[in-house]
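Shared between the two complexes below is chain A, which pairs with chain B and chain C, respectively.
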Partner chain A sequence: MSGTWITTRAWLLMLPLLIVMVAVIGWPLADTVHLSFTDAKLVGTSGSYVGFDNYVRLLSGNAFGRTLFTTTFFAVVVVTTEMLLGVLAALLLNQQFHGRTLLRALLILPWALPTVVNATLWRLIYNPEYGALNAALTQLGILSDYRSWLGEPGTALTALIVADCWKNFPLVALIALAALQAVPRDVVAASFVDGANAFSRFRFVTLPYLAGPLLVALVLRTIEAFKVFDIIWVMTRGGPANSTRTMSILVYQEAFSFQRAGSGASLALIVTLIITVLAVAYGTIVKKVAGSAA
Partner chain B sequence: MERQSPLFRLFLHVAALLLAAIILAPLLWLFVMSISPAADLAAKPLKWWPETMDFSRYATLLSTVENSAGAAFMASLRNSLMVASMATVAAVSLAVPAGWAVSRTPSVGWSLSLVIATYMLPPVALAVPLYMALANFGLLNSVFGLALVYLTILAPFTTWLMKSGFDGIPREIEQAAVIDGASLWQTLRIITLPLALPVVATSALFAFLLGWDEFFYALLFTSDQRAKTLTVAIADLAGGRVSDYGLIATAGVLAALPPMLVGIVMQRALISGLTSGGVKG
Partner chain C sequence: MSALVVDHIRKSFGDVETLKGIDISLESGEFLVLLGASGCGKSTLLNIIAGLAEPTGGDIRLNDRSLIGVHPKDRDIAMVFQSYALYPNLSVRRNIGFGLEMRKVPAAEREQAVLEAARLLQIEPLLDRRPSQLSGGQRQRVAIGRALVRNPKLFLFDEPLSNLDAKLRMEMRTELKRLHQMMKTTVVYVTHDQIEAMTLATRIAVMRNGQIEQLGTPEEIYNRPATLYVATFVGAPPMNLLDVLATNHGLLVAGSETVIPLPPALLAKVPQGRNIKLGIRPECFRADAEGGLPLTLRCEVVELTGPELILSGSIGTQRLVATLSPRTRAASGTDVTLALDTEALHLFDAESGQRLNVD
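Up next, the complex of A and B:
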């Protein structure tokens, strides 16, 4: 068979996927770019060309800076915590003890719990009048009065972060555990013979095997944390006083609550650009690590 | 290997118990809320276990009496099933040929990279044009329209999984069949697809779970019982003026059961899917 026919055949087999992708992703994205230069409303007027007005107005407004900060803070804290907890849980599960298989099976549960159910569950736990957190802290004598965890700007974001970490650290743990189990036993045995202590065993024997998969998990989780919408919408809708408003919530408000499709599109593209820059930067690091590990 | 000292063994077991408690406590509480009488949930001090277990809310939600809370819940359950199933079937049908093509013909691989890169796009970047297009075609508030939109998430992901699945099937087997006189179509049907079946099943499961979990597009593009999915129905309950928190918890338990059962039963396949995708990148 000739090479050109094989290539043509491959394109033919990919064609259905590519057509659908152009229809549901490519074209809408192009239209978002177009809309971002107009003052279109969601319903009714298709708007007229306004150049970079939307971008200038959004970037100079104070909602943007504050929301970007909130989103970055959420993403950094959530991803760091999930990585640390995930690796610790994986190191634990890589040891021999009774009930290890059962515990590993439990890890899949928070991951499988639908995001909206997780958000609802934690919203009930944080309930200011009947919530389990208030009840537990009061009965333990830690708290004297019930608090509105999601209703106060000082605690709402932290409460969201806890709920998000609880759901997502098990995924990091599962990925890290799979990587740990790929460490060859004879390499570990050799490091014992060579008299390496626990720390240098982790640093020089285990970590090289962990680094690649963990970096990939880090990239995926960072992108997801930057896109976060569901858990925040269900728990706080961005409140109180916009203290938990992330970029996706801001775009939703602009485009759908205020029906400003044009400026909502501009904002969405700014978010996309930030995520792309992040992903490319990470991608470069991943390639470097993969290169040095090989 | 190093012998574990008694102190270290104690530490391991304490840490394991702590981890189990962290994972289980919120889940158990969701279940306890669903079977506690409303008075227990509003009691101070809070009752952590009901004196009499009350399963009546499950009957309430799973009833099909017209205009009841159950009818709305059952409608959203049916919508979620339909949307997730249709989107899964469509995504896997697109992913199998495309995944095989990229796996066997690396020179077209860049197009798959492009498709996978769309993962970086926040759904809000597509939402406005998709909303306008669905409105134009009369597909707002329709399970078909929503399933079509879900392909933006499901199709790239399943293609990626299928591609790494086909990578694991040696092409020498296919070449041997061709040398023995089988046509390409016969080779795929008799040799490759049966070998790829576990990966197809894993991809389909992942796709279904993603569809079952989706909230943002469903929130935007559905408005009543004809298309509202379970996630939107639960968010409505959580954000609404429902006075019985146990009912919200019950809806949560029912929505969580299918993916959790799949998660436990299919654990090995799911983890290998997660890590193979994750490790190979």
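Up next, the complex of A and C:
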């Protein structure tokens, strides 16, 4: 069989998938790019060409900068906390103890819950009138009066961060636990005989095996955290006073609340660009790490 | 004073008893090989000596100090693993020096020790590489180097050569022997390879089902196996076993008319009327029939390997194998008379499998 035929056949076999991808990703993307250069409204006018007006207005406005900062802050804090908690949980669940299997199963629960359920649950916990958090804190004497955790600009973002960490650290823990089980027992045994303490053992034995999988978790979680929408939409809708407004919320508001389809599309493209840069950067790092480990 | 004393060590996992009271006493500088098939408990015993597993009962003493409850790092032992167990993201230099680094030995002193070990193992050019950049043989040298620099009282080896190819395994075996002769440190070495056991050991403990079948020098294990198991486990091709019955004239091979005539003094000590297994190592047959006990067998297959000729034949219904000089003339389908020395006969009680000490 000639090389050209093999290549042709490969393309033929991929063709159905390519058609689907062009239809559901390529075409909408092209349409969004087109839309972003118009002043189209969501209903009614299809808009006229306005060049880079949408981009200039958005990038020079207050909302964009502030939202980008909120999103970055949210992503950095959430991902860092989830990585730390996840690795700690995995280390703990990798020990031998009674009830380990049950605990491992329970660990998955927060992550397995639909985000909307999780968000509703946390909204109940944070409820200013009958929330469990208020009850616990006042009964412990830490707080004198009930507070509206999601209603105050100072606490809303933190409250969201806690909720998101609770939901997503199990994913990191699960990936880390799988990696921990791949650490060769002999190397661990050798470190015991060599006299390594717990920290050295983690640093020189465990971490090298954890690094690759954790990097994958980091990539996944950073990108997800950057485009976070549902948990925030259910809990605060970006408020109060836009204190929890992230990029995806801003896109939604622009396109659907204010019905400005053209500038909504521009904003969506900016978010896509940022995420693409992140993904490519991470991809390069992952390749490098994988290369040095081989 | 014994360097290492293993005093009635027992180990159970739940209801399963993997070690049923092991007793070993080693002099300083001895090379003990724990030999046995997988699952016999030899690695468990090694892990207990290393401190990686706790025994259910018994005591381990190194230079008269009990090791029970002592952390592996404080036992003054070094261990080499089958999988090499190198630290993947450290250079060869730091891998070798890791034990010293953890013990806070000053950098200059550490470097000196690492260089010396590297020179001894001929891996100096590899010091700045990572384990992933080394071949299997090189990795094993690094693993041995890591044990050497510690200058421990006891070396433990857990099947260190079984991941290497045949040629490299032979080279490393010689290398290990050379190192041991030079360092004179006490060694406990686990393997299922009888050639490794025979060539390296000053003493071999053949283990089976969590017990020691026989503990002795390689010569004793080979020449005077204490049980049927030891007799067949050591030696390749394995020892021939024939069912025989002691009669007034000699040993009657079951299922045939053949009687192996024994000298009267010897025959007198053989219990009459008991089922006996007669063991003969294939390499103990001689083609020249003069001056030995004659044994005629039907030659079935002849294989010339180069250095020797392997003859497979039978006496009645019982099969046996002889390895002879390549110059031997034998044709399949004919009767061949071979000679045996009385020392080549091993008699075992067929029921208990124990050696009958008749000589």
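Operating definition for what follows: the second predicted complex is superposed on the first by the 284 of 294 C-alpha atoms of A that agree within 3 Å, B and C clash if a C-alpha of one lies under 4 Å from a C-alpha of the other, contacts with A are read in each partner's own complex, and residues count from 1 in each chain.
We take it that contacts are C-beta pairs under 8 Å (C-beta built on N, C-alpha and C of every residue); 3 or more make two chains touch, one makes a residue touch a chain.
On a predicted model such as this, the values are computed, not experimentally measured, just so you know.
Q: Is A:Met83 touching anything from chain B or chain C once the two structures are fitted on A? First, second, both or neither.
A: So A:Met83 meets neither chain B nor chain C here.
Q: Touch check for A:Pro208: first (chain B), second (chain C), both, or neither?
A: In the superposed model, A:Pro208 contacts chain C only, not chain B.
Q: Check whether A:Val50 is in contact with chain B, with chain C, with both or with neither, and answer first, second, both or neither.
A: neither
Q: Check whether A:Ile275 is in contact with chain B, with chain C, with both or with neither, and answer first, second, both or neither.
A: After superposition on chain A, A:Ile275 lies in contact with chain B alone.
Q: By residue count, which of the two partners contacts chain A more extensively, chain B or chain C?
A: Chain A has more residues touched by B than by the other partner.
Q: Please indicate which partner A:Ala189 is in contact with in the superposed arrangement: first for chain B, second for chain C, both, or neither.
A: Touch partners of A:Ala189: chain B and chain C.
Q: Tell me the contact category for A:Leu58 with respect to chain B and chain C: first, second, both or neither.
A: Once the two structures are laid over each other on A, A:Leu58 reaches no partner at all.
Q: Determine where on chain A the residues touched by chain B overlap those touched by chain C, and list them.
A: Common to the two interfaces on chain A: residues 189, 192.
Q: Help me check something: in the complex, which residues belonging to chain A touch chain C?
A: For this pair, the touching residues of chain A are 184, 186-187, 189-197, 200, 204-205, 207-209, 293-294.
Q: Could you list, by residue number, the parts of chain A that touch chain B in their complex?
A: Residues 6-7, 9-11, 13-14, 16-18, 20-21, 24-25, 27-29, 31-32, 35, 42, 89, 92, 95-100, 103, 105-117, 119-125, 127, 129-130, 132, 135, 138-139, 166, 170-171, 174-175, 178-179, 188-189, 192, 212-213, 216-217, 220, 223, 226-227, 229-230, 233-234, 237, 247-248, 251-252, 255-256, 261, 264-265, 267-269, 271-272, 275-276, 279, 286.
Q: Would you mind writing out the residues of chain C in touch with chain A in their complex?
A: Answer in residue numbers: 47, 50-52, 71-74, 77-79, 81-90, 98-99, 102-103, 132, 146.
Q: How about chain B: which of its residues touch chain A in the complex?
A: Checking each residue of chain B against chain A gives 1-2, 4, 9, 12-13, 15-16, 19-20, 22-24, 26-27, 29-30, 33, 41-42, 44-46, 90, 93-95, 97-98, 100-102, 104-105, 107-108, 111-112, 115, 118-133, 148-149, 151-152, 155-156, 159, 209, 212-213, 215-216, 219-220, 230-231, 234-235, 237-239, 245, 248-249, 252, 255-256, 259-260, 262-264, 267, 270-272, 274-275, 278-279, 281.
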